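Going by the order they are written in, the chains are A, B, C and D; count residues from 1 in each one.
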């Protein structure tokens, strides 16, 4: 039995009066019962952003009839919009390198029903033995090693896999490879990375060693949408933890694992609940 | 010159479809431009809560015409509602005892324009000399000492002051007197207290000493609406700070002052921006 | 090859001058090189507590010779003391009920070398199938169901297991059974529990539901040594996370899992690094 | 009546066995009763750092006799060391520009006895009227305006003031002028600045606007010792607060004031309690 559909309408358009009235009227006419609604007026760009969660009370209404009803309103207000049934977990491809703490964490949250993803594949640039202690269940695992020379082919392989599995979300769960511009563009808006620093501090390699050398008193992690600008994609979530002068780089790496796990898990949750809307180089996150 | 009015409509009613559509349609028809809107469906009680911020684009619309327009909709949905122009700072009475850190903090935030209150009086159960270093400017100061015997008269005095000054908000800024049930009732919904513990832990007297004796690793403070149930009123805001075994009760009191200041200031801000709606013994806080 | 021994001397005694000098002199004479030292004077009880980490530079010194050297000094100052080689992971028994997030977390930290325990057994009051997705490796698993009637026998079974495995530490990783006074006493000082509330708030059953009903704005978890006073044992570590009016009890349970995991993992780490010393109903924690 | 002296000995030297034994023996022989002691072995540089707090039980011992007793030990271990009686508040010069929240905060903490400084002067590059609401009491106020042209003279004036008042500590309490290399050098190790960003992110001007443009989810503040490398001096303390996409730069500035106040106050406290020791471009902070 399918779960009851739970729709999220996200939209962005130039700000002018009447948007909320028009949209809520339209959904009401379709038998929609709004259970959550959040909006944001960007004073800088004069753009308006909204997220509306609703169920359908009428058996007649369907996603198709909703699309038909929303389209003229959307056109009238020049909206970019997207309608998602979040009761259906999105097909998700997970990429990982040697360190598997984020992968293990996401899979655990998925298994106990906390994170509503549908894992359609795990891709690693390390062999299966590296992950011997993880129960992948029926999720297909692919070892796709990568060198400087084979990178184009390897990326093509991953994109192909994303296409054939119909992946709607790609999570770089400590996948320690810089994506090419092509690949970043191909996954635009549906690829989340976790960077192990409080960006914009300590971009690039070995951020915990950088933090150690700098003598900061807090370290952090950042989950962001992947763009072709390395470590500069729109930030979804960040968090930090206190460190002291006595913490070695290894202590920072250890404390960092805890931050990375929770920051990535939160970012994925926000994405699949469609709480995020891109706004230029920033991310609007309608928190619960 | 008056500031441009900024209206907040807060409402609560039994949940059923069409509320958002009806209200947003009504405000739109009055020339209202919605700049913020948040809602909450309480699944437990089947009640719906909403906060809508809007400006008026039409010069014809007035608070009175808004009231007229909203009234039939409100009646149709059985709403409790309140319309506030938050561009006008609420008249605020500040009560204080010996420790003045919260009072000093609130006055500073007011003076630099951070906290939009209109202080109409300061009432203390300690004499003016206690606060010799504070610049009260033109805010009337009243010393109203209190003993067990004079409590009814003293409270009557304060209520009288609240009435004559038209106080819309009363802040107990570390006012270390338990209000009588009568007084609590008289100020219901417009009186905020700061309690120096992470409630419901350590109610009553000397909470930092209780926390010390208990060996907790974090201490906190709680801002809540005052009801006749001591330290049990609906919580608006809480925060904590880490302590260690080496912290003495005096250290806790010192660290606590920092927590109390920011928790009370946030609670007052949430209240005057009408982000709070009472929901039984709880407070809905629509955070920015 | 064995790791290089790393000794921790913890001690408690009446405070008087000369303790640090006497102890550091003694360790120096034995070829000890102190790498960490922390102390605490409890002004309330006039007791002195110290933790000293040291390596042995001399091949002649042994744990036995250290004991011999320390004994007269300890006697002179009436010290309670303990010498531990923390390079050897303590034998640890893990108890779990239905919810396995803390167990999974501890095992992961152990497997990647983050948490230096030696898991000698896992005891559950649910059958093995409940944990089908967890790789227990060679750690013996025992299903010991418990009812009101069989509790004495079940506890005897666990204590027997603790004895035969030589368990030095017992972790209640969300083991949802109240230990009898007998069992609590038998494991005194070496049994850590995680309670899913910010104690002393919300003791007893269903703390997240209590927190929800109370309308608090932060929820927490508490790791403590087990005593026969339920949920009142000396607190080792606590942490909190922010919640909102929109969070359901299920949301609190979900957010709570993250808090419980990190609080329990930290508490176990502090214990096995001998950073904790009991001080009446409180725990001294010498943080790194 | 003078307070009872409370001595802090801080030292740094090449790490080798016997340091703790030698120092504690020496202090014990002088009638010293150690009440706190913390140490740090820097594995990277092989240097050893220690902070020892002690009182003198013998009436014969004096700072001079202590100096005499410590000197040969210090020489034997090639120590850099400093003996401070922290019962005497250090003479402190406070520098401020237009925004006075940190100044007001420090003065409040000083007035209620929370922060043991002896304010010997307030220097501002804005006129006295700017601070009309602050009660400076008997603390001399100097208005020393500064332009690009008069900077050398203005700085000379400040250094002169520091010399004549015997200032042991200079606090840049949101003093929005970059110190010259000369002045930074002259105040080396005794000048604390608060920067309104989580360094190393957002150095230089208008950090909250930078943070806003970048779309970070947390903002912070950093207190550091001043060196001639702008915003790169050894970090003493940092903290952060959560922000959202809806926060404007003005909201960030407002939230930032709270962070700046507590971070600067903590850093000054750590300094005057001699909890800080410089270690290259980093600061060791022995937290309580």
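By our rule, contacts are C-beta pairs under 8 Å (C-beta built on N, C-alpha and C of every residue); 3 or more make two chains touch, one makes a residue touch a chain.
Note that this is a predicted model, so its numbers are computed, not measured.
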Listed pair (B-D, B-C or A-B) duplicating the A-D contact set, over half by residue number: B-C
- line: Max Cα-centre separation from chain D goes to chain A
Statement: For the copies chain C and chain D, the interface residues, called same if over half of the numbers are used by both and different if under half, are same
- prompt: Just curious, how far off is chain C from chain A if you go by their C-alpha centres, in Å?
  reply: 36
Task: Quick one: report the Å distance separating chain B from chain C, using the average Cα coordinate of each chain.
output: 42
Message: Which positions in chain A are in touch with at least two other chains?
response: 244, 246, 287
Task: In the complex, go through chain B and note every residue touching chain A.
output: 17-18, 20-21, 24-25, 27-28, 31-39, 41, 57, 287
- prompt: Contact residues on chain C for chain A in the complex?
  reply: 101, 104, 108, 111-112, 114, 133-135, 137, 244, 246-247, 251, 254, 257-258, 262, 288
Residues of chain D touching chain A in the complex: 40, 43, 198-202, 214-218, 220, 234-240, 244-246, 248, 279, 281-285, 287
